[in-house]
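Chain lettering (A, B, C, D and E) follows the sequence in which the chains are written, and residue indices restart at 1 in each chain.
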């Protein structure tokens, strides 16, 4: 009875349609966001070394990939269009942002740069979304690989995009937001956190409104959706655009705030797969799932890798990383067997049980 | 027995010489009939007669090789299904075609999509007009939910619902569009008598209160004969009867092909 | 206890012992580990400061490498330097070095213009950069043809790993092609490099005079096998020094006979230092691998890499005292790293490397190399020493470093005022 | 696109330097191997599919993980001094055991799930196999000695310079691939088990309800694909050596699969031919031109060319060249 | 509440199929069956009636072990077939014992042809060509329409044709007990009669036992020997078919004959608050 909604009556449709209609959820999320902003700042003061590792290697990648996963989830989880081109769209975001930053010194504010990256990615996303009218399901997934490889190729080959760097690698520095220099890991973390919070709220708004319903309708049964009046192409393209926008912003943030210097390989096909994994493991069609999935895919290997050290076991590096592979594989399978609909669903069931607790049903 | 007082007699939809083939299979051969404004029109016939295909032609999902379809005085040849929806044709499906991952409420809300106009930006912020619009439509949908007595399953994902309730939700989704022409493909299959009575009531009320024209496929002859104004009988793609229930019931062709003697 | 921890020099090791590049990564990592072990076992550490070495698996992936670096950089006494063993990771760490004040040692790889210590004070591409490697190979080919002027009209193809690593030599080769009038074509191969059919068909069709190979891991042996399959003469193939070890040629069996590769000064074989390694490490059962594999090309390279690291620390200790060195102190040691012929001999590396002298202006230290050839059983040295031509390289290095400094808004040091 | 193939063929046979014609041979072989790879994923893909087009049916990469495992195993056995005739069946046995294990531990718990979930699970398994394999056998490059002739044969070298390049391994591979493709086709279309397999692919629940034992079907599927993968791995190994971590190469088979149409055997062959030849030809002829015209840093268009080719085909025929019609009904 | 206590079918020494006190939970949290018990005598036809969502399909799936595939669990109670507990078997082991279910909503293999669909039904009989050919002939005899459509992909056939295919497919396995879930749904009236006649023939000629979930109460009670009425996951009424037909409540709610006989659908003017047993 911990998680009790009895007694919480809604008196208006707006209240019933709020993002978090249940009081406990609302409080929890607000607390979490406040904590996300404040706790690391406190930690940075208390244990700077640990904080730095936490920021650069755990929190920043986690947030960036969460955002990419939210984007991909919009496309795959909500609109049902499987895409393996995420890495490519991230690359578009990153390189578009880089070129704006490099070539137009006037606009060097990161927010504008990221927006531009996202918009360019959205444009490219629309282009590669066009075949989705005719091509469906698995065939579409493979077709999006064309986007992945083609975009990879473009950024690796067109010298202008990398400012004629001999190695194809680009670097950025002296970043600012609203005139404030972003040079410490904590500053980078806070920028990313702010962007992710805002975009996540936007995503949540989109998926609970009529646009979200049109995506889900197309996902669940595209023929029926068309018959009741949705325009399939327009709906799908919108999903491609919004999704690519998110992914593009994530790509730009990954390049600018996580790597600082990057090469096209940072956005290769493995990245696409990794983000798809996050979406599936986390839960298709769930914003929360995108975060859970990202946490799982980012954290598990790091934890597994360090586990022997924590336990005081001495193992060869090779053995550790092979074990990491094996255990990671087993965990994926395990979670899928426990709940094929992902961690988010697992969480929902847990909540449902809490609601009934202490009674079994 | 001219039941519907509001039936004006004006032709809403007319089909002329429709023929539809799939490879070698002739689903429809040279069929003509019309639907008048405000009436309840039934299509009956044995399995595989082409009834569902007929509905598919009407709402633009199938494109007949020959023939003309005139809706509200406009003749059309090729159209996409969503255009039909925009012109006020809604339908339900024989094999339930609900959006399985969404709740009952959301499913019915999709029926109102054509009337929801706010753009991406407003939606993204969920502020002002977007929220107002959402609430207005929600209120309309809640009326349908009350009407169909499905309040208790409002938030349940439809994939989990039993068959009969899914049929009802599907009707709700079609009604939400406030259609002028409602096509129902076996709306009462898989229901027991009591539920069929309810369903008939819904259909009649919709027809009465909103003046919605209804075209309905049903195998339960009791239902068809009781509630429809006129009946078309198909048999293996050919039209073998057309008229009031009494006329059809008396037609020897129809008796031989479909009704049998037991009815 | 805390007392001993204070006197331990922590050193991080970014290695890869799994994945597509493991066959090449493993021997290198073994060489490094064994040498550190030797220092601890034989000398009790560097002037009494024990080495605490910790490996971290990067799988040759840049993001994993950076994660390793971030995890290890603050451990124990703090990392005095880092050896990324991947050009991609090197590029990423170059950005972090000035902030973290931890030097990046990229021995025989990395960013070619980073030898310019005035713009890259924290980066040390010791012993040779890719521009040096490419230059040495071009000189060797020219010599075989009978002079640089004979290169005119020749066709030279570069088959390269499509990553910053593989792309590095392109700038120099383009420059040389312009100078001598040969036709230069770069052909990329995608990670991990097992798919090269089209590349080699293209080579078969265009029939170049020489093929240079900038591969790593499975890509190397695959290239040699594909060359054999299309009948391109292996004698006309020249690999960079990362494409010239045993794992690159052995899988190709007879197909590799005649294949050449540049040497980062050293080759395979056992030298004076290996006696110590046997006595103090392997005889005590503390070796990282089987004794048979000690002395392979990449093993020796790992050992040399570790030796240069240690010697830099030793030099730094002379200035800062016999204690664990910080990154800044180690950087000073690296920048003043000088090994004479006697030093090399004393250390047991005679025959493996030549004297080296690093300075503020030159973080490479030496740029000499030779060419070796695989005779089906072992590597044979087939050339004299070459030195990359600074008349060509230096302007390129300066231009590139200048561009980097401008992009990053760095004011270069004035090296003439240092040392 | 057929036109494109025809044009290139014409161009080749008319060309003076007929050395280029070797590409036709090469194309055929690539096709063969690709077809083979394709098959490694094919029936698994089918088995994972549902009546609604599922998210993805990408079980190919695991196929390759298996293939590599097969190759490495065979190499490992023969490396221990086992003769090939012993090493091969031993490997096959291990593959069957593996199939059994996978069925027991994973698949039977994922009955009736969507394709994309199964895909994810197989990737998990692939991870496991990868890690376990490398722990046991290390990361070295293994060679597989099948005793196949290795030296290239140059046909007609008297007629024109360079001659026509034919690699005997490729010919043999193409032959084996063809034979496999045809026998699998017969298996799927004509046998009771094949039919059951297709039924499972359509609807798990219905298949269970008529008494098709999903467990056995999974076992058959995984065994067959394990064995096909083994053959692929052997051929690959004999040519280039095998190492774990090259599984991504499986992605190469995908354009072939979708171009040909998922369920079609001639599709696999013809798709393979078109993709194989198109990809190589584009790299050899188109890529240098592109690189020159746009001043690119090298060509390397073969990476995406096959996918773009497949994409263009699909725009015209969404179900691939020979694929079954996509059922669109309400 | 049992209408006819001493029904001959119920005391027939051992029922061939017995469900006792089963509780079913979907997804760990949704409780659907709350202790259902029922019995099918050897050679009997038993009808399972009830409103939408009462749990009829769930009961049938519990018996045929298809529940697990939908993430449902039997948390209490047992199912026995011929005296043997079968609730832990796999569906195919049950089919081998002669129990087959025709699922609600057709579930044909869309990409297989109609004939291939039928042949999958014979899977458990191995490669017995002659028997398969005979059975196929029999099914075509029952459903001549299928013979015409034998070569077309099942996904493209009409709803009724799919229903026939699903029933025919089940017959191909030569079952001893059939669980039929809404066989009449979507079939033309004549065909409904025919299907029930086929069922009856199987029952009388071959002694096949039948458990039937049906909404068409009229027909169901005409052919069945015994009936159970399910509401909200519980059995609320059971008894001989004849007795049920005469029960006032059943008459009113399920047969539409409140005293004066069948009422026109049009005349049911208001939604009646249903009377519930629970």
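One rule holds for everything that comes next: contacts are C-beta pairs under 8 Å (C-beta built on N, C-alpha and C of every residue); 3 or more make two chains touch, one makes a residue touch a chain.
Quantities reported herein were computed from a predicted structural model and do not represent experimental measurements.
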Just how many steps, at minimum, does a route from chain C to chain E need if it may pass only between touching chains?
-> 2
More C-beta pairs touching across which pair, A-E or B-E?
-> B-E
From chain A, the most remote chain by mean C-alpha position | E
Can you check how far apart chain B and chain E are, centre to centre, with Cα atoms defining each centre and the answer in Å?
-> 29
The distance between the C-alpha centres of chain A and chain C, rounded to whole Å, is 37
Where chain A and chain B are represented by their mean Cα positions, the distance between them in whole Å | 42
Could you list which residues of chain D touch at least two other chains?
-> 134, 139, 248, 297-300, 303, 329-330
Touching two or more other chains - residue numbers and ranges from chain A = 156, 168, 221, 223-224, 227, 318, 322, 325
When you check chain C against every other chain, which residues touch at least two of them?
-> 17-18, 22, 26, 162, 167, 170, 188
Chain A residues touching chain B - in the complex, by the definition given at the top = 12-14, 17, 202, 205-206, 208-211, 213-214, 216-217, 219-221, 223-232, 238, 242, 285
Interface residues, chain D side, partner chain C - complex | 17, 19-20, 22-23, 26, 30, 134, 138-141, 143, 150, 152, 154, 162, 165, 167, 239-241, 243-246, 248-249, 252, 279-280, 283-284, 287-288, 297-300, 302-303
Show which residues of chain D lie in contact with chain E when the two form their complex.
-> 51, 111-112, 192, 195-196, 198-199, 201-215, 263, 324-325, 327, 329
Which residues, counting only chain B, touch chain E once they are in their complex?
-> 3, 22, 25, 45-49, 52, 94-96, 149, 160-165, 186, 189-198, 200-201, 204, 219-223, 226-227, 258-260, 262-263
Residue positions on chain A within touch of chain D in the complex are 76, 80, 82, 131, 134-139, 141-143, 145-146, 149-150, 152-153, 156-159, 168, 221, 223-224, 227, 269-270, 273, 277, 280-281, 284, 318-319, 322-333, 336-337, 340
